Every structure is written in structure tokens, then in C-alpha cells.
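Right after this note come the structures.
Two complexes follow with chain A in common, the first pairing it with chain B and the second with chain C.
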Partner chain A sequence: MANNDPVAIELAKMQRDISIASFFEKNRHLLGFDNPRKALLTTIKEAVDNSLDACEEADMLPEISVEVIEMSENKFKVIVEDNGPGIIKKQIPHIFARLLYGSKFFKLSQSRGQQGIGISASVMYSQLTTGKSAKITSKIGPKYPAHFYKLRIDTQKNKPEIIKEEVVEWEKDHGTKVELDLEGSYQKGDQSIDQYLKQTAIINPHVTLIYQPPKGEQLMFARATEIMPKKPREIKPHPYGVEIGKLIGMLKLTDSKTLQSFLMKEFSRVGPGTAKQVCENSFLLPNTKPRSINREMAEKLIEGIKKTKIISPPTDCISPIGEDLLEKGLRKEINAEFYCSVTRPPGVYRGNPFVIEAGIAYGGDQGSDNPIKIMRYANRVPLLYQQGSCAINKSVVNTIWRNYGLSQSRGALPVGPMTLVVHIASVWVPFTSESKEAIAHYPEIIQEIKRALQECGRKLGLYVNKKRRIKFESKKRDYIRTFIPHIGAALKDLIHISDSEEKEVENLLAVALERSRGNLEEVGVIDNPDYDEELAAIGKEKKQDDDFEGEDQENNSDKEDKQTTLEGVK
Partner chain B sequence: MVKKKNSLVLGKINELGNMVYKSIKKKKLPELKMPLRALSNVKYDPKNGFFELIGKMKERTLTASTIKTFAQTLRMMALSKELIEQDDIATKREAYYVSKNWAEARFNEQPESDTVMDDFEAMMMVNREQIGFIPEEKGGEIAGRLIVIDKDRDTGKPIKIDCTKFGSGAYSIPISVEELKFETQAKFILAIETAGMFQRLVKHNYWKKTNCILVSMGGVPTRACRRFIRRLSDDKKLPVYVFTDGDPYGYGSIYRTLKVGSGNAAHINKYFCVPQAKFIGVTPQDIVDYKLPSHPLKDVDLKKIKDLIKNDPFIQHHKEWQKALKHMYQSKVRAEQQALAKHGLNFVISDYLPKKLKNPTSWLP
Partner chain C sequence: MANNDPVAIELAKMQRDISIASFFEKNRHLLGFDNPRKALLTTIKEAVDNSLDACEEADMLPEISVEVIEMSENKFKVIVEDNGPGIIKKQIPHIFARLLYGSKFFKLSQSRGQQGIGISASVMYSQLTTGKSAKITSKIGPKYPAHFYKLRIDTQKNKPEIIKEEVVEWEKDHGTKVELDLEGSYQKGDQSIDQYLKQTAIINPHVTLIYQPPKGEQLMFARATEIMPKKPREIKPHPYGVEIGKLIGMLKLTDSKTLQSFLMKEFSRVGPGTAKQVCENSFLLPNTKPRSINREMAEKLIEGIKKTKIISPPTDCISPIGEDLLEKGLRKEINAEFYCSVTRPPGVYRGNPFVIEAGIAYGGDQGSDNPIKIMRYANRVPLLYQQGSCAINKSVVNTIWRNYGLSQSRGALPVGPMTLVVHIASVWVPFTSESKEAIAHYPEIIQEIKRALQECGRKLGLYVNKKRRIKFESKKRDYIRTFIPHIGAALKDLIHISDSEEKEVENLLAVALERSRGNLEEVGVIDNPDYDEELAAIGKEKKQDDDFEGEDQENNSDKEDKQTTLEGVK
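== the complex of A and B ==
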């Protein structure tokens, strides 16, 4: 009998809910935990991003300390502590031990975190690789107790599991401290924690960061300004950006009684007139009850929105870094001859406003035979991985840099002594994956980045041309100057002037030459009081492996030398 | 006489030196102005009979493109001054080697030093011998009924040189001809382009038969050669006939330069030209009339013809020349003097020259 049962019944026994946590267990690379080195960085990044968001939201000047302790060869303890507003007791387990829990996903506002995955993913990774629980301490004010939690994630249910819970003494007025044990690998150089923290400090001058690496001295990035960045404003979604699934969800949750008031209340840039027009274009009555709208009707509504002309979303909700700060950051990090930066007017993709900023540091200490360096930022967070698949990279490649004095092969990054910074600020930065490493290729974004690059490029081109011109002029003057002594010598023979008169002739000619050719502006001179040599060196250390290889080779050649000598003696 | 001339030149060099010095003292950029030596800076007036400057100047001062030649010109002036003061001379080649002491202001190739020398000469409006420089090239050769009266280098006594007595050889025109005197009963001067044709005429005593003076120019006549013919012709009222290859070079470079001078040395054309010269052959018409063996014109020849018609004030003045050159341009052939040998080696003596000399309508102006 059992044999005659349809196979589907048998198969159905194996089919069940996949918890998001189990999904992550198998797909941790999607969240940036693909290798031990990156896992360590991602964990710190998530914790620091959360701290910064919390401080800024609460209007508190952030002071964050990061400590990485090497427990064994591949096990590390990470401690991140902030002076933010803290988290109320009830929420602590949910924020740290439950995936996709958070406030940021549901609102459109420029913030570092977006999904509510980051820190809980780190907790899960910690749990998976070391079996240890996460330790959280948080305090919301001087008169409130500090709560300490030991937490695990129940990966089946995606629910927090509280191992320990107690009130502790904490000298801080308020703030949050996260302590995680995880498998990792610590390396300096490119894509290192050092580099990430440095770039964060550069682009967030209102932040103080204290960093204790596993080896070596503590690093301190002191804040450069007491002024907090303008607080981003939360906005409602713009109708052009809404998709059918989200629209259905919104229709279910709304308090509005009619479609027209739903449109006006839940979306930005929709007034009574626009709302009526949307309804008309969707062939739906304005007084339709939102809850009664089914899938087919929702699809009509989407079509109707597309047909209706709706003004662009408000853009004052975005808080760019600003040209000055961007350039100042570059000056600290790179000793160059020429800097420029630009903040573009806001643009819109899929109904989401965004702002592109770009800055250039050209010449100086930078080598001219390598592709330019690109520093990418999204909502003030440095992006260190997957440069190749990022919209910023694509925009750089698509810009014709030859016009601006750099060399560039088709479809490649330009080559020259230059560092480029690009920042995208948006209420919703479209990343290519949950690990938030590369920006998705929206044509509007690529176009806007290109415009920013071109604007910087034009200024650069003027400078490079001017430099070339002045170099040429200075060469000319040097050439002319070499003949001045001959004029003196010839005059001496011709009209018998004295030695001192001959010297005078040479001096007078030099003066007359300078006067007739005008002042020679000095270019290419590095005049950069903001440059911070120590800071610049952080994250640029050679990987230790390379050094060892070098030594090995030297030893080998030594041995060979000795051998030949011995043979020679024989 | 010599001394006085020299002191004039020295005075002018001094003046130029002081001018440069004064402008330097005034903290100005010193500059040297000199006539532009080019066809574009000459005009042709048949009344005067030679290319005259029309006053375009070039300037050298402290710019990247002129500083080197500016310094070189001053140094060249100093060298010239030294030569005149010590009554010495330097060949153009020697002057080039002297410049090797001038470090970065030295000349890399002799044409550069020749140019600076010529500019200096033009600035002074004198002939290069007067500023102490002499060319290396020979001045041309003479055979025929002429006695040249020169001076003994040591005693200063006159020496009579009889140009009939060189046998199969010839008298060489010296570099400086200004002091020479002449005695002759000849009826005309025949200036010949090639040494080969000159040899044939000498060998067969052409000058004896026709009572003339033969001059071998050997290509474009040197200044000495031009001046020699001019002085001889003026002195003895002798007509001058010119016999060259039938090609644009023979017309535009050799004959034109002999008759009216060059653009390059326009500042001295007044003395170094022979306005009374007439061109007897080989004309483009001769090539047709005598059925001469010819060579096709090369691109450079065609270009030269076009250039002559378009830019040479002398050719532009004479319709006959334009016609002749257009004729050659269309026929696209040229013929050498020696091509006459097709009709017999001595055809040139027995037929061609007598016929041509008798018939002025077959000449070109």
C-alpha cells in the first residue's frame, strides 16, 4: 500500500520552513563572512556602523573604542564600545540575537545600517565558529542600571536565547558594549581593519575612534570637529520606487480609510490632486477601501502610478559630507599637489533620492605608473571589497580621463598619480548584496557619478595643462639663461667692459628676462599642512608574508655565494 | 683706403656692442635687428638692375627661439672685431671651428655659423671680406684675351697676368677682386655654367676665334666671380653672355643670381650683380629647335619652376622668362649644355654659339 502512495507525499515530509538563520548558516558569504580575514573586518564594521548610527540619531558626538584581542592563532575577541544612547533592556536580545530585526529597514532615511542583519549576523558567525555567546552591556542614562546579557541565536526559530541576564556596575553614563569571540585572521595593509577605521575617521570628522589592535600600540583617531553632520530627515517612499509586494504590504498595514488618503499619507510628493489622478489612471475609485484592494487592483495601481506625473522626492533629507570636508579628508591622507572635490545636486533612482560626491588628490608623493586608487564610501561607510563590481568602478572606467591628462586604455582604470574618493549618500543605497560591498549598477547612479567625475576631471585637466605649460615655460627660461654668460663674455670682448660690469650684465639680463616673461607661478609644489604622515601610514603596511619571502631569498643567495666561494677555494 | 674702411666697420661693430650694453643697463631686453635675407624681402627694379631690400627686418633677443643665435651673433661680432684689429682673416669653416670654444653657444654644423655670419654681414651692410671672413670655394676660372693686373703680395708692385697664356689651364679668380685692374681688346664675355663646356671651348681656342673672354662659373657663381665679371664688364664696356644647362637650376639659380643677385645676400647685391648679362642658352626653345636629347623633369624641378613663377620678383618682371618656364613646365623635359654633342662634338663651336650670338631674338632677358 505504502508503495502506491504518490511520491509527493513522501517528498512533502522533507519540506519545511527554512529559517532565515539557517539560510545564513549556509550562505554566510552573502553577508561578508566568506573568509576569516573578512569576517573579522565585517564584525567590527557592523558594530561600529551601528554605534555611529545610534549616536548620530541621538545627537551625541560619537566616541567609539575598538579592541581586537588574539586568543589563539585563529581565534579573536572583538570588543566595541560606544557612548551612544544605549538600548532599552527589552530590546537588547532582539537587536543582537535576531536576524532581520531593526528600525532602519522600514523607514527611508540616510543611515549606515539598512537591513537589520549586520550585528546579529556577526553574533551568529561568532556562535558558529567558536560556540561562545555574545556579551552585551548597555545603559540608557546615568540614573538607569546597566544591563548585561549573554545571548545566543536559536537558528531554527530565529529567536534570541538568553543564557545569562544581570544588572552590572558600569561607570559610563550611557552607551553600549558588544563583545564577540570569533574565528578570524588579522592582517594589515589593504582591506584591513586599520584601513577601514582610518577611512571611517577621515570621512566622519566628528567621530573619535580608539583602536587597540592585537599587536602594537593603541591608535587614536581624534575628532577634528565638534559639529555633527546635518541630521538626515526620514521621508516616506516615493510612488515611483514602490514595488507590488511592498505596495500590498503597505495597503494591509495602513490606517487610512480610502485609497486617496492612503496615497497621500504613505507616500511623499502625493497631494489630493496627484492622488486623484493616480486613482483615475489606475481605474480605481478614490474612496476604495485599502484593505479591499486585491493583487489585480494593486497591479493596476502600479500602472496608474507610472502613468501619473509626480514630482521628484524631496532631497533635503540627505546629508552629504560636503566638498570641504571631503577635500580635507583627502589632504590628511595623501600628500598631493592638487585637490578638488564636488558635491552634485541630488538625483533620483527608483524614487529614492541620492547625492554623489567626488574628490581628487593628484600628483605629489603618488606613483604615476599604477592605476589610480579609488576610495569608495556609501552613507559615510568605507567600502573595501568588490571594487570591480561596484557602480563607482564602472563610472570611473566609463569616464574618458585622457582629456584630463591621465593615460587610460579602453575599458580600464586610468593610470596616473591620483587618488579618487567617491561617496554616495542616499535614503536607500542599493548594494549588490547583503554584505554591502558594491553599489548596484543603476543607470541614474552611474550617470551621476560620471558627472561628478567629469566635473573634478575638468578642474584636474586645467591644472595638468597649466602644470605642463609652466614646466615648458620654465624649461624655456632655463634654456635662455644658459646663454646669458655668453652675452656678457661677448660684450667684454666687443666693448671691453670690466669683470664686474660683465657680472652686472648677467644679473641685469636675468632680471630683465624674468620681468619680460612675467612671474612664473610655482606648480607641482606640495603645500599641504593638513597632511598627517602617521595617519597616512596606517593600513599601508606591507603584508608580513612579503617581508619573509624577501628575507628567504636573500638567505638563499647568500648560501649560493658561499658555496661558489668554497668551490673556488678548492 | 683699406684702413679707413676697416675703421668704419670697427666703429659700427662698437656701436652695436654699446647699443646692446646700454639697453641691458636700462634693464631692457637687448635686441639685434637685421634685414630678412629672403626673396620675400626684395624687389626688382630693372632701372637699377638688381634685387633690392624692401626693409623687412628680423629680430634676435632673449626668447627661446632667438637667444642662442643672439649670443652667437654677439660672439661672431667679437671674433670679427679681433680679426679686423689684427688684420687677419678666417674662412667660414675656421670661424665654425672657433665657435667650438663657446660651450653651449657653439655651432653644431657649419651651415648654422654661415647663417649667423651672413646675418651679421647683412646687419653691417658690408661684404664678408670686410668683416674678416672669407669663403673656401674657388671664385671661378678665366681664359681668353684678358690681362689682369694684380699686386705682388710682398712688394706691392703690379703684376700683369695674361689670361691667354694658361695653355689648356685657366686663371683662377681670387677671393677679393676689388683691387684688380684689367687690360683687354676682347669684344664680349661668355660666362659658362659647366667646367666641361669651358674646357671644350678653351681646347679649341674658341676665345681666339671669336675674340672673347671665357668664364667658367662652376654652378652658381660665387660673389667673387660675379664681382669680377661686373667690374670687367663695367670697366671695358663689354657685353656679357650667359650659357647654362637648359634647366630651372641654370635659369633660376645660376643666371638669375649672376644678373640680379640673390635674396639671401640682398644687402650686397648692388655690387655683386651683372645687370647687363644676357641669357643665350640653352633655352627651352633650343631644346625643340636643335632636337636636343632631354631628360624628364623631376618633381623638384617642377616645383622649382612653379616657385620661380610665383615668388621670384625677377621672373615675375619678365614675361619672356615666364613664357619660357611655362614652356618647360609643359614639355616636362630639360637638356644639358653637352647635349649639343649629339650633332658632333664641336657643333657648339661651329654652329650653335655663332648662330645664337648673331640672333638676339633667341635670347632671354
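== the complex of A and C ==
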């Protein structure tokens, strides 16, 4: 220090406000812009998610086109256009060029977006990597003009900067079009745009997606249903989920004149009776003025809420896909032998209702030597990154899939020809980062996912084991059948029967075999309600077959048969 | 819709600004407040990190006391007090009750805090879970008064709310004291406060920490050195790390009159010559006015920078611990047989310089059947959570530790009696989330960590293998020695020597053994510069010993010996 002032005075000179945009500019990996490949996907994802949300809010069947154009090495133009309700002129700059701005953050109802960051972050990334402005066109109805904007974000202030605004001609009745230039890298395969769109089509059967990749033909994912998903209703918070700090804030802001009416108005599932009960359990008068409630009283109120029995939050704020549509989506996109799905009853974490759905597509074209493929979804959005840190992955690993006929090492994903879909729908999905790639490990959520997996797993187990039984049985019969001609021939030699008599004997033996062992197709259909017993039985059957196989080996029967059996036994 | 207005008008009514405080209140798991146990640790961590940063900035040897008091079930009071420079009155409310406010975000120099979120987030969590205000006392010098504040955060506005402010008596010359009430859960073991403080003491040997846990005796981690770490110098960004969007922003804000002076003033490692070279390579005149540079010209400038050879960024902005102090810290806290450490030369990712350091403590009290223990540090702060998603973990798993005498399964941590310390020091550590628990997977960083691990690993390998050699050798001699008395006795029987002659023969044989096989201690000290050759030799030695062991088994030697050898061979 040159002078004798305390150091603190010197240090204070640097202390100042940091805009949220500057923060995320520096921390852009938090938003899914870690690398050029992911950045391209994230940008498309944010635009498509917004389009889907808007269409559904406005009850319009979504038709969304995505175009990716390679401008130069590592530079791409992305154009996403929808037929949604459009955005009013005044809001366009804020929606696209201001972080933490939107309508979904404050609502308690299921939507894809929830934070008001995504698309503005894409605009910011575009500007950072190419220096170019975002181009937005939007029209709210046939009688309204279409507005065109060129926008940038002032990152120091987190405010939109309007470069150009004008009214343009647009043949569409309504909709929004976003055009962004950005540094990116285009690749096929896992975690690609193609994958994201395909998975989006599976879980959103009411959506039509048209995709023009940088190279090659246009892809079209046509809708499988004209029925819009049930529109989620907005709800109030549930009393069990409120914390004291939040409660104090709510008491300060409310218009209600009494504590009783405050409780009824601001929370879900609180009628006059429950409100009175809460007041009683809190040792507070129902007509206490909310504003007069201090911290100590609020603490009592929290205690009172805990002591009162209040029914679970309503679940019409959530719109699950439903077992039928989930299975339909799977059938549409994955070629398998066996499909099943389940929608669990709603659960609650930190006062937020949520629903878990799971679906399985087993066998068919899918390879059987690799770990199963997991498709993770949150509020109908596919999650392609950070599978390892996701609550869904943890739940899959912790489920014992050997019970359902798959092989699995401890702490690993099961191995088999299977695709597993897991969907969490909630008014607030707790992601592990702003990029919304993985679900945080809330125990209530993990528990529900495991239950959904077990339900699907049991159905799968019945199928896999039935299939295995049929395979064994048919193998056994093949062995027996092998001997029938020999018996015929032997009898012919021994007792000198005619050729026709020999044939007849063989036919009789074949019929007897069929009669004694039952119809092959029916063999598998032992719908044993006690699954463990059935499994035990299968275990024995397998053992028996192993022995049979051993004998056969000594008899030097043809090798091909043996191999098939070994495979079956394995 | 009741009326015929477009839906967009209805939707617009809900669109609004979201304060960063509301955002993090809802997403508090992003900040490390996932659960009560972690919340308690995070709060202490944020307060201690701030204290350490302040002391170092002011060149004061830190002495920090931490007190945790259990107020009721799940409610704790945390008091953290330092002897740092203090905070000037005007800034106290902003530092503690405003998210994204601080001095470190804009500086390019190593510090623990970097975002201006941590301590305010703790204040917000405290207020949310207990409804209580934060209490802050700070004093900037002996001749200045101590200021006391009771603060809350207005989360809707992200602004401090001053509940009380007054001048108080405080015997300290200078320092800051933070007192917070919060919901928490106190546990010992991994990821505990005790662990965090212990690890902090290891990596900050110049710090004294005094800790009073809720139950039990005060703990004291006394400093091991009076020397402050080298103070990191602030640097300008390096031209290679700048992106076009950022460059355009800088060109707009600069005071420089010409492009050449802009380049020299705003970037590190750009002198007049380099600046001219950049202009030439960009086809721009050195005296171009920065404000007149448009997007296309800025693009050329970026290209020009890429084409120009510019030396790497300076590294005096980084203050690594140093090999000696790192090893000292390890010796102080871990009881082992073997220690080593390495400080790598600086690397660069996205224009940011960084240094990797690693240290190993092997053997001693540490169990040998478990995976090694990893202590991760970033800018001298221990990272206790999310090891699985951290670049350090990835680097450890991808290093082949079998080469260095540890056992390791594919894709897993090595197993052995070892603690491994890895430290990344950088002007900007890329964390995977705001809670700063794991380092993002930048390839440059992973590469450097692997190199540090390999360097340490080689030293470890020499030690482990020397130890193994000595063990084998001493085992062999023991076997040979076993026969010496028998030879003596046999000679006595055969050629009738006296008892004293028998003793003499035995002594002669022992001396011969020693002479032929060399001094035991020296056996291990074959400091072979060609490590692979040495390893190959060890491999052979091991094989030989295996054979020896086989023979021995047939000879029915005593079981205890056999087991020891097997362990050695394993």
C-alpha cells in the first residue's frame, strides 16, 4: 500500500454488480454450450422446446421445421420455424435477448422450459461465436402484421439491443421463426440432432417435425395422433412444500385480510376446514392479519401445517403421455418384438407433484451384447447428455434386472436387446444444471422410477421367460423327433412292417409326442401370479435342459443343434 | 379464449423478469444446498473461502475460527470469524445480501471465489430455512469503528434489506465475523466439515484454523509455515482465448484511439511488434479507430490473431502450492511411508493459464484393500462432492496404475494404501455447476492432470517395487537361512565336528550368503533410468519367486510364511 489507508478501502474499489448475462457468458458450459457439437444441439433444442410449449399453451397442433445450413467450416445457420401462437411485438426482444425472462418460471404447471434462459442463451452464444445478430420473425394472427427483428444482447446489462425492426410480409397465419448463426460441429450418431428429433417424435406423438440437415435428404417425423396432450392446469403451491422464508415472503405480499383466507387463497388443497385446523394447530387465530405475523409466529404456522393432515397436491397440473401413447411412440420408432409401458400414480417431492412413466421395447433388430439403451425424458424433452449423473440412470443401475431375464453386473447397466424409456413429468423438474441434462437425486423421485422399472420389468420377465421356455420345449421336441424315424426303421427291421406301416407308426409317435407335451404356443402361457415360483421353475427347467444337452453331446448329434441349445441355455 | 384476441396477447401477460435470487432460490441445489447436510458444509465453505481470499489479498496470515452450534433438531448456528482486512461499511450489505456481486469475477487472477454468489447464497438459504437474518460484524483497522449489520435478501429484487445497522465495540484490530442460522444436519466422516477443514489445512499450510464442532472438543489446525503464498498478479486476457463476440464488445468499450494501442493495452503478451504483426495478418491498418471496426473486420482480426505467433500467457497470475509445501502438508496430516509430489509447468485452456499439481502419500496406516482416496482441490479449495463427474476423477481412472504397482480394474479407481492429492490452480476454474464441486472435462486440463499423475506414479512405482524386491529378497534369504542349521547339524553327524565348529560353519555360511546376495537395504536401490526395463526385470523376478513358492509348498514349510509371500506376490 502506498498510503496508510486500510486495505479494505483498496479492495472495495473492485466490488460491483455482475450481470447474469456476463455470468453465463463466462460459464457457458453450465447452459449446454461446452463444445461446438453440443452448442449446435442445445440451440436447436431450446428453439424447438419453446415452439412446442407455445403451441400446446395455445392448443395448436405443432408443426415445426428445423433447418441446419453449413456456412463454412465450424459455422452453421440454424432456422427453426413453428405454426404456434406467435409473440406480441413488445415481448419479442425480451424473450429472445434477455436471460431470466419468461412466463414459465412463476407458474406451477408442467412445461418444457422453466427458467427463461434457454433461447436467450443461444442468442448470446451465437453473438459470441459469430458476432452476428439473431433474426426473429413472429406473427400472432392472420389479421396482424408479421414483425421482424434483428437482436443482440447487451451482456453487461442483460438487456436486448434492437439492431433492426420492421414489418414484413409472411404467408403464415401465425407462428415464429428464429434464425441464428453459430459456431458448431455437425455429427450423426448418439447425442446428435437426428437423435434428439427422433426421441422428441417418440414422446410427442402429436407433433410433426420436418428436418433439413446440412447434407442429405429432408427427414420427416409425421404425427401419430391428432389429439393434443391434456393441457396441464396451473396450481398453487402445496402447504407441505413451503419453507419458513418463503412463507414469510408470501405473508408480506398477500392481499388477504386474515390468516385463514391467506391459507385458502395461496395454497392448493386448503379449504375453510383445513385452514381453521392449521390455525388451531399453530395456536394462531384464523383472523390474524397476515402482515402482523412475525418470524416466531410463522415458525409456529409451519409447525401447525406439519401437524395438519392435508391431502396430496392435485395432479391435473401434470400431463403425462399415458401408457398407450408411450407404447405407440415406441412401436413407431423402434422395431422390436415386445413392448410394454406403465404410468405411475403421482408422487410428491418438496411439495411438487410429479409422475413417472416407463416403457420397454425388447428384442427385434436390437443387438443383444450391449448395455440396454436408455432414453431419458423430462416434461417430454429428451435428455441426451450427462446420463451418468442422472437420477434415471441411478435407478436403472440399482434395479435388479436379472430377475427379469437380463444379465447385469453389479453397479452396471443391464445387457440385452432393449430400449428403455423413462419420463418424468412435473411442475418443476429438478435438474442438476441450467443446461437441463440430468435429474437431481431426490430420493422420492428415484424411488418412483424404480417402481416404474419394476412394473415394466415384471411384464418383460414374463415375456422373456416364456420365450425361453418355448425355445427349450421346441428344442426338446426336435431331439425326440430325431429319434422317431429311427424307431420306425428299427421296427421295420425287427418286425418286418411295410413302408406305409412304418410311416403310420412315425405319425402315431409324432401325435403322441404332441399330446403328451401340449401345444407349443400354449407352453409359454403359464401366467403364474407368483413370479418367484415361476422363476424357480424356470431355473429347474434350465438345469434339466443342461443335463439333456450333456447326454446329447456324447451321442455326437449334429453340431449346429448343439450350438443353438447352448445359446438358449446361456 | 373468451374473446377473439390472438392467444399471444393472453400469453404475454405472464411474461416477465426473473431475479437471479428467485432463480437460485428455486434451484438451490445448483449452489450446493441440495440437502441439510451439504447445506451446512457449503455455508462454512463459502465463509472460510471468502476469509482466506481476503487475508491473502491483504497479505495477512489467516487465522480463522469456525463454530457450529446445534440450536435444535436440524437447526444450527454457524459463526465464522477471521482476522482479515475487513469490509468497508458501504459494501457490507452488497457482499452478503446480493447474488452476483463481488470483485473477483472481472479479475483474471487466481482466487477461491470467482462468481460473487457463494456467501449471499448462504444468507438466502439461512433466511429461507429459518426466517432469520444474517449477522455481520466487520472492522477495517484499529482506528476504525466495527460495524454490525442484520441483513436479509429481497429475493424478488436481489437487493439487500438492512434490518439493523450499528457501530459496536470489537476488541479485534480488523476482521470480519459472519453469523448464520440454518437448517442443517451434522455428521462426521467423508464429506464432513471436519474433512473439509483438514483438507483445507493440508493445502494451505500458512493458515491456522480453529474449529468448535457442535459436540466434543475444539480442534486446532495450526499453520506449518509463516510464509504467505506468492500473491497472484492480475493479467489481461490472452489474444488466443478471445472470441469474436467478446472482441466486438471490447472494441466498443475501449479508450484506445488506434487498433494497435487497443491490442497492446487490452491483451497480455502483445507488445508493439506483435500488435503490428496482428494488424498486418488481419489486413487492417494499425491506426484504424477501434470504434470503426465492424463485424467483418473483427472477423479478419480474429483470423489475424490466429495467424500471429504470440507467446503463452504469463503465469504469475497463478499461485501454485509448490512441490515442497504440498508434500509438507501431506506429511503433516497423513501418516504414510512414502511421499512425493509434482508441480507441472503451466498449461492453457480457452486462453486461461492453469497449473496442475499432484501429490501421493503411500502406505502406513492406510488400508490396502480399498480404492485409493482422492483429495481434489481447485485454487486451494477442497472439493468434496461430485467426484464422479470431475475431470480429476476421469484422469485418475484413465491412468494405468498397474504400471506403478497398484492393482486396478478397467475403468475403475486403483486399489491400494494411498492418498492422492490433485490441485488445479487457474485464473478461472471451469466448474460443472455453480456449487463448484467438480471440474469440467476440458481436454487440455485432463491431459495435464494425467501427466502429473504419471510423474508421481513413476516415483511411486520405484518405491513400491523396491519395497517388493526387498521383501522377496529377505524372504529368499529366510528360506536359505532355514537350511543353514540343518547343514551344520548334518556336517556334525557326517564328519563329527564339534559344537563350536558347527557354529563356525553356520556363521561362515551366513556370511557367504550375505556376500553373494549383497546388502539387503541396497538391493532395492537399483535406480534404473529405463523404467520399462526395470519393470520387465521385476516381472521376471516375480515369476521366479512364484516358482520358488511352488517348490516350497511341496516341502510343506510353515503356513504363515507362505501366506506372507503370497501377499507379496499378489
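We adopt the following convention: the second predicted complex is superposed on the first by the 461 of 570 C-alpha atoms of A that agree within 3 Å, B and C clash if a C-alpha of one lies under 4 Å from a C-alpha of the other, contacts with A are read in each partner's own complex, and residues count from 1 in each chain.
Criterion: a contact is a pair of C-beta atoms (placed from the backbone, for glycine too) under 8 Å apart; a residue touches a chain by one contact, two chains touch by 3 or more.
All of these numbers come straight from a predicted model, not from anything done at the bench.
Trainee: Have a look at where A:S433 lands relative to chain B and chain C in the superposition and call it first, second, both or neither.
Mentor: Only chain C is touched by A:S433; chain B is not.
Trainee: Quick check on the superposed pair: does A:V505 touch chain B, chain C, both, or neither? Answer first, second, both or neither.
Mentor: In the superposed model, A:V505 contacts chain B only, not chain C.
Trainee: Considering only touches as defined above, state whether A:I9 meets chain B (first), chain C (second), both or neither.
Mentor: second
Trainee: Give the label of whichever partner, chain B or chain C, reaches more residues of chain A.
Mentor: Partner touching more chain A residues in the overlay: C.
Trainee: Regarding the shared-chain residue A:R295, is it in contact with chain B (first), chain C (second), both, or neither?
Mentor: Touch partner of A:R295: chain C, not chain B.
Trainee: Can A:F483 be said to touch chain B (first), chain C (second), both, or neither?
Mentor: In the superposition, A:F483 contacts chain B only.
Trainee: Which of the residues in chain C end up touching chain A in this complex?
Mentor: 6-9, 11-12, 14-20, 22-23, 25-27, 29-30, 34, 54, 57-59, 85-88, 90-91, 94-95, 98, 100-103, 105-107, 115-116, 124, 127-132, 140-141, 144, 155-156, 174, 243-249, 295, 298-299, 386, 388-389, 428, 430-434, 440-441
Trainee: Looking at the complex, which residues from chain A come into contact with chain B?
Mentor: Checking each residue of chain A against chain B gives 476, 479-480, 482-483, 486-487, 489-491, 493-495, 497, 505, 508-509, 511-513, 515-516.
Trainee: Can you list the chain B residues touching chain A in their complex?
Mentor: Touching chain A from chain B are residues 13-14, 16-18, 20-21, 24-25, 27-30, 62-64, 67-68, 70-72, 74-75, 77-78, 81-82, 102-105.
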